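What follows is a structure written as structure tokens; I'll ask about it next.
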């Protein structure tokens, strides 16, 4: 079992840290929110007084923060993890952030003699709670081998996407498609219903034909078609529209950085931006159907 | 075995008629192209001198023409099938056309005492040749039961989508999604490659994650990822970009007719319109990747 | 002064007919709505019992109906204007319709020996009331010369756009741009305000720079910038969003018919389709800003 | 007359510095490109050995660099302008950059006791050469008053857009509209031509109607309509497509930062991204018409 410093105890980070404790690791935590730390103490983690303390004297540091700005803040500079971690510590950033920040922090870690991976996840809060997350990992193969033991306590699908930053790259390419398919499937299903088709019949046809996609299959936004879909529980998430918008925008940032045209990705991003403005960012991402039905 | 009048011997119609002959039916054909009729005679069909002759004295009429305009032309008016078919003939239009025309012709047939279904197909020329087409059928249940025997000679997946016109409706909803996913998947794969990801690794990640879709899975537009994909044979179709554009535009027509917003569908339509203008309509629909790479 | 048959007394047609009376013409009218005819009698027009009666024995017929379907219905067939008008009558259709219908009806009129023009208008209800409409005319030059005397009583800007159908073509090209600029200007002004700019200052900068456009200049959708703009009267129209959507869709139809890519036109069309679904079609077209602010 | 340090002698910076010399100011320059400095010496500027030397002992520093990254690099840190400029120096950054960087650098300058303005320009290389640029200025009113004397030597339209960063904000809002109108006007004109309209007639109609906009009026992308337009000289710029794409992407960054939906802005951005990929970034921005005609 390993000694792990865990930083960032939000909706995702808290259950992830708990699963590391459950898996038998010695976990010390830090978060600016003291209440979140109290919860962590209750499930068996050790409270640290600072980011620096949490990062010191452990074999692994795992971070889970909102954006690239926070990742840079917690890793870089004289107060950062890289300046305070003990030699040989493996650094794992599970935040979903822009590729550029991931590569910048990865390069800084390497320059300081650390092995680091970007290890963003998919699977949402439920995946975090059930330890069924997918980890998309960017960094060296040897680091991936070391990280497996730890990540395996929090998820069940561990993928080595490539070099530093490419865990993030894989995640945003995948999630851009997921966001597009959510919006497009809502359009197709509402169009079909408006033309007079029984949504269940249409669902059956599309999911066995060339229009099939994961979003439609598991999150069909028409009531009564897929019983477990969020539309049947007033769009209680699941995967929040706000997070889908965040990921779609990360994809647009990556498209800008690489000069890649993404007309469909941009159109989906704008739909989520409108949904957000209309006040529905906290609903499940399948609520994008509201822009198609006008039920805003 | 049945007596069938088959009208429209194009790329799709010709192999469909041949499979009806193979299945043991007595097939009489008509097409304005005399050469196409000669081919049909060779595979065992009977040549008719006119549309009207082909439609007379048979149990089923099957039509396969390019657009709603031609469907209206061959069925309606004093020279049309409805005016010349023998009482009790079942009329099956396998053309892919707008819902409005399908319903107008269906209503005219019904008013004249005929059972009629719109029975558009998916599966392309290969499906037509191998008798593996999917038929999406719109009309009454009793007509669907009668049509099955005939359609089963040309395809293997027969779906009753609902009332008259809803075969077309189901097809265009499905194909709108297929067109969107083709364009979106090209964007995601090129974006990933530009970020430094190995396309095979990225393909493996997405096809097991929330971005998965049929277009990516079977028609990935990056060379060397899916061996059977059109990108590996210079985009020789498969399903032509011109047909994808046609179907996307039918979806836009249906969206207009029903007042359904389809922002993503419209964006995909425009990409195919640009690909068409750039001279690539005869390539496989996965050639939409050219707008993303700039290889035009 | 001329004898005129006027068909279609809606929001636009009624004040147009009244201005023809005011200009000294003898105007006989027909509309399916009897109340609209009573109003017309009060301003000095003669009530006719039928479309056919209104079209007979006059020098000019002017029609003002909602869509190409109605234009075809009132002109074509055994009960239509072409079958009942007296020889030598000049036919003017001021409806805003699709180019294809305009050309089909124009061709039928010509085949029957009539001169006909499509003469769609811009300027809205206020322009109709004040006789300040712009007429975009499609047909022969000699017909345009004859039409001028009549149209001059209803508008002040008479343009000969070209051959039959090209009046409609010019209108939808113009209105597509107007719709795009309305949506885009809303985006730019809200973006600027969100960045902290004073909307009046930003308006002053853009209207004297390369972003200037008619929609922004006269219909700026931020309150308090342009006093006469609809935003300052709860979006009371002006030019209804429903009509903007109609015109944008006519442009999309024309784009389809000619194979012209219009990615920006399609994106604007979809925004108006979403505004419509959200229940705001009866507001002024500048209410498109609601999708940008989220105030839906 | 003033002592001025000028940093960044590219296509824009070089003629701007020359106009400052012409206006009688004492100008000392620095650029990493030695050849550019030799040119500056020929028109009367003084060569400096370093950025720091150029920024020292002057009343004004003017910078003209490509992106926010370079602006941060030349102003911030121990080697930056803020660390080396003499007390009381007024700092003017004429680069077109993201609002966030402009505000960050502005705040750093203020914290160090300097007055600073973001003063991005419009008018292109021709405006720079002829001293007819427009300057959109963000900073305090008293700084704007001081800056006027200097900026007046390089341009003729000086606008105070508001506080720090709002010069950039105004520019990108304006240029987003300009980019949209360029693409949309190309669509409208090609659509009209494809419908059979004479482009000159259509141009005449739109420029006097509700579709009018600056891009169409001065840069109509159909040959032979506006003699001075870039289309008539093989799209020799003018304002390069690459710069239009840069500005559209800055607008998308600002939209992201403020949570503003910009569906039309995003669609135009993607068209320019496709034009760039197709190899036409160095042409005039009106070359966006190539995506509409397919002449790629």
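Residue numbering begins at 1 within each chain, and the chains themselves are lettered A, B, C and D in the order written.
As a convention for this text, a contact is a pair of C-beta atoms (placed from the backbone, for glycine too) under 8 Å apart; a residue touches a chain by one contact, two chains touch by 3 or more.
Every value quoted in this text rests on a predicted model; they were computed, and no experiment measured them.
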For chain A and chain D, chains touching each: B, C
Centroid comparison with chain C (C-alpha atoms), farthest chain: A
Inter-chain centre distance, chain B versus chain C - centres from mean C-alpha coordinates, in Å: 37
Whole-Å gap separating chain C and chain D, where each centre is the average of the chain's CA atoms: 39
Rounded Å distance between chain A and chain C, as computed from the means of their C-alpha atoms: 50
Where chain C touches two or more other chains, by residue: 255, 259-263, 267, 270-271, 274, 276-277, 291-292, 294
Residues on chain A engaged by chain C in the complex (per definition of touch): 263, 267, 274, 276-279, 291-294, 296
Touching residues (chain side chain B, partner chain A) in the complex: 99, 122, 134, 136, 157, 159-163, 165-166, 169-170, 173-178, 180-181, 183-185, 187-192, 194-198, 201-202, 204-206, 208-216, 251, 254-255, 258-265, 267-268, 270-271, 291-292, 294
Touching residues on chain B, where the partner in the complex is chain C: 249, 252-253, 255-256, 259-263, 266-267, 269-271, 273-274, 276-277
